[in-house]
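Look for chain A in each of the two complexes below; its partner is chain B in the first and chain C in the second.
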Partner chain A sequence: MKLFLLETFKTFSRWRTYISFAVIALIVILTEVVMKLSGDEIVNRMLKPFQRDFFISGNVLNVWLITAFIMNSLHIHIPFLITLVAGDMVSSEATAGTIRFLLIRPPSRIRIITAKYLTALFYTAILVIFFAVLCVCLGLTLFGSGDLIVHHYGQFDVAFIPESEVPVRIFLSFIAAIWAMSVVASIAFLFSTLAENSIGPIIGTMAVVIVFLVLGSLPLDFFRMLKPYFFTTHMINLWQQFLEVPIQWHVIVRSAIVLGIHNICLFLTAMFMFKRKDIKS
Partner chain B sequence: MEAVLQTKNLSKRFKGRWAVRDLNIEVFRGDVFSFLGPNGAGKSTTIRMILTLLMPSSGSIEIFGEDLHHNRGAVLARVCGIVEKPDFYLYLSAYKNLEILGSMTRGVQRREIMEVLDLVGLAPRAFDKVRTYSHGMKQRLGIAQALLTKPELIILDEPTTGFDPQGMKEVREMIRTLSTERKMTIFLSTHLLSEVEQVATRMAVINHGELIAQGSVSDLLDRETTHYSIQVVPNAPALDLIERLPWVELISHDNNRLEVRIAEGRASELNRLFISNGIEVSSIFPHKTLEDFFLKVTRGKAAI
Partner chain C sequence: MKNIFLCLTLAILLPLLCEAQEDAFRYLEPIEKKYAGLKDYTADVKIHFDMETFKAPDMEAKIYYKFPDKVKVESKRVIFFPKEGGHFNPALFKEKDYEIKLLKALSDAGKNTVRLRLTPKTMKRNLKRLILTIDTDRNIIPEMEVIQFDGRKMKASIEYMTSNGFDLPSHIKLNIDIPSYDTEGVSEFDQWFKKPKGVNGSIEMTYSNYVINSGYRFDFFKRSRPSRKR
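Right after this comes the complex of A and B.
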């Protein structure tokens, strides 16, 4: 616990840590302001196929729709922001030489690496929570509340989640997002234990995430067959399922388990590598 | 005498090359033990193994009579190491750096931190970020780090690297203070022979990863006296004679003084040759220099 607090203190003492929060604030504020100015047009376009058959009334462009809309970009920009810190946890100490400061002290390497990993997960959680709080608070101020319309792009279906149910679902969705993003933190953390500089883990992690996202979206049978095994599939499935009607709990449970196994394997590998690592610099 | 540090057949292999091989050294309580060797001899590799930064390929290390591998935490709580230069978190203050260090070792009070910072003259800048410190201030912070946890054994790897003469002097004084006033055992790796001559009580010499000499500095120097200063008249015939003697190496000459390096036990033979060639020898005396000793033992590989 003491080591975890020390690591957390060190992480939040660096200005680099706050870049991610600033970027998220910028994205959320810009998106919500633009949606305020031109959101009606977007909603009209989204609901146009249904307007011949249905009469849709009420506050459609509300905080929940905006939040779900912004959350859809979660798998693109949040991983990058997570790697900025998680990919730096061990490698920056190697670059600065402070890894020696740490490793010649009584705490074992296993305790040190565990404290660092927990800090990376804590940072990931704080980042997603900040994202959630900002989305919801600003959204409530600018758009107010209402039912959430769920529509899958390119498909002729639409569903409504009542206003009374949406906050809980959004809350669970963000909890799931933290779990999903922890896999990105784990990948970056593993690369961080292998590298001597911070750039390698950031580029490496983003390359892995992008490659799996691209392969998972290619309309080829071979990749469609493999898609259920990609971690990115489960990463997206997990939080999106909470905004589906009805919620498919078996998909959520399966994705949560698959991602959990990824986390355990990645952390054990990082621990194994770090324990055996020779510090030559 | 109590052995504070012992290595037993310690070896480290990197990609098919032995960096350290079957190293057996002993450091006793109260020693200022100098670990000498040319660049690339294996000094840093040995120190990194002692500080658990590198894993030995074979052999073992005992510190305070305990196996380092099995009692790492307890042993390292009594040791302080500075590898090449003291490393600190530059974005934190000196106070915070020492607080982190202290809490990783045994836990320290604010008063203790301020005391050591005061001792090294950094108390007025205690809460400034280390990034704003000069090289000398960082070195003093390194000393504060060594004092804070009250270690029994301090391991210093090339502690004067990158220092000007004044900085080197300060480090030497720090080593003397830690040894004499605070009764700490010092293990000092260096390739600066003048440092060793001034501060060390015992030493070991390593070359190509293997131990080639170990003992007290005075004992080792007494065994190896190969550098002689000779006062001769006239000078020119003496130089001619030396040129013809393959077992004499001329180091320098100035007026009637010759500096030569010769094998042990051949000084009297050289004296006889000078006299038989009509050269007057007014004095001949040996220099016991560490440099000679070091050059001799690192040229050959025979163990001493």
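Right after this comes the complex of A and C.
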């Protein structure tokens, strides 16, 4: 616990840790202000398949729709922001030349790596919580509340989530998002144990995430076949399922387990690599 | 010789056709007269969706209608209200707007009904034709079928109640059959793209608390867009 607190203090003492928070604040504020200014266009585009057949009234463009909309970009920009810190957890010690001092101290390597890993996860959670709080608070101020309309683009398919139910679902989807993003943190952390500088783990993690996201979205049967095995598929599935009607619990459980297994394997590999790390040369 | 024969045929047939139109309109005329005093109404409406691709809880709204064709739907919550067949508009069936043909006259269990086919004279709202079933004893329309050019069909079964001397819908069951719909933006290159299957199901609307002829102004019905603050 003491080690974890020390690592957390170290992490949050670095100014680069706050870059992510600043970037998220910028993205959320810009997106919500632009959506406030061009809301009609967005709603009209979204509801176009229905406007021919239905009169639509009420506060469609509300905080929950905006939050779900911004969350859709979660798998692109948040991973990058997570890698900035998680990819730096161990490699920064090597870069700064402090790894020898760290490893000759009484705490075992396992305790050190576990504390660092927990710090990376803690940072990930705090970042997503910050993202959630900002989205919801600013959204409530700018757009107000209302029912959430979930629409699958290009399809005559719409689901209403009542206003009374949405906050709980959004809360659960953010919890799921933390779990999903922890895999990105784990990958970055593993790479961090392998590298001597921070650039490699950051670029390496982003490369992995982007490659899987791109392969998963290519409209080709071969990749469609492979898509269920990509961790990025489960990352997206996990939080999005909380905004489906009805909630597909089996998909959520399966994705959560798959991501959990990824986390365990990645952490065990990182621990193994860290234990074998040669600090004499 | 041929031209003379053609002219003669037309001269004989045209008055017959006009007569048929006039004859069919005589079923709509009493309805037009019956509702001539209905200038506007408001009502509370509960909406229940039973559509596979439309997962919505029951909704409540207030509907405002003003002669001849102004409609506004208001709700505290987000609401989708069907444009065709979802509300009662007695001014919809003007003789000048349609070619009207009598399809069938029925007399069943003491009830006299006729079925009319209304084909718009000018293209409007993608409407191909309307099939109306008219209860000639009460001069009401218990059934209305809307057929559009793209194959969309909507069939409204309407039950009435009397409010302030007018027979107005108490319950409308709208069966919807949409064989295809706009999928703009979906890439045809996509190997996964499957032509969306048709949408069908029903929407039930239960009306109550009619307030008639309150004298709403036209600007009250200015189109409000779905979005923004309540």
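Everything below uses one rule, namely that the second predicted complex is superposed on the first by the 279 of 281 C-alpha atoms of A that agree within 3 Å, B and C clash if a C-alpha of one lies under 4 Å from a C-alpha of the other, contacts with A are read in each partner's own complex, and residues count from 1 in each chain.
Definition applied: a contact is a pair of C-beta atoms (placed from the backbone, for glycine too) under 8 Å apart; a residue touches a chain by one contact, two chains touch by 3 or more.
Here the structure is a predicted model, which is why all the values come from computation and not from measurement.
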Practice task
Scan A:L172 for contacts with chain B and chain C and give back first, second, both or neither.
Solution key: neither
Handout entry: First, second, both or neither for A:A25, with chain B first and chain C second
Key = neither
Exercise for the section: Examine A:I104 and indicate which partner it touches, taking first as chain B and second as chain C; both and neither are also allowed. Expected result: first
Problem - Chain touching more of chain A, residue-wise (chain B, chain C) - result: C
Practice task
In the overlay, answer first, second, both or neither for which of chain B and chain C A:A96 touches.
Solution key: first
Practice task
Give one of first, second, both or neither to describe whether A:L61 is in contact with chain B, with chain C, with both, or with none.
Solution key: second
Practice task
Would you check which partner chain A:K10 touches, where first means chain B only, second means chain C only, and both and neither mean what they say?
Solution key: first
Practice task
Could you say whether A:F160 touches chain B, chain C, both of them, or neither, answering first, second, both or neither?
Solution key: second
Problem - Parts of chain A lying in touch with chain C, wherever the complex brings them together - result: 39-40, 42-44, 47-50, 52-61, 143-144, 146-147, 149, 153-160, 162-163, 219-221, 224, 245-246
Completion exercise
chain A contacts chain B in the complex at 2-3, 6, 10, 13-15, 96-98, 100-108, 276, 278-280
Completion exercise
Per the touch rule, the chain B residues reaching chain A in their complex are 48, 51-55, 72-74, 76-77, 79, 81, 83, 85, 87-92, 96, 100-101, 103-105
Fill in the blank from the handout: Note: in the complex, chain C contacts chain A through residues 53-57, 61, 71-84, 126, 152, 176, 178, 181-187, 189-193, 196, 199, 224-230
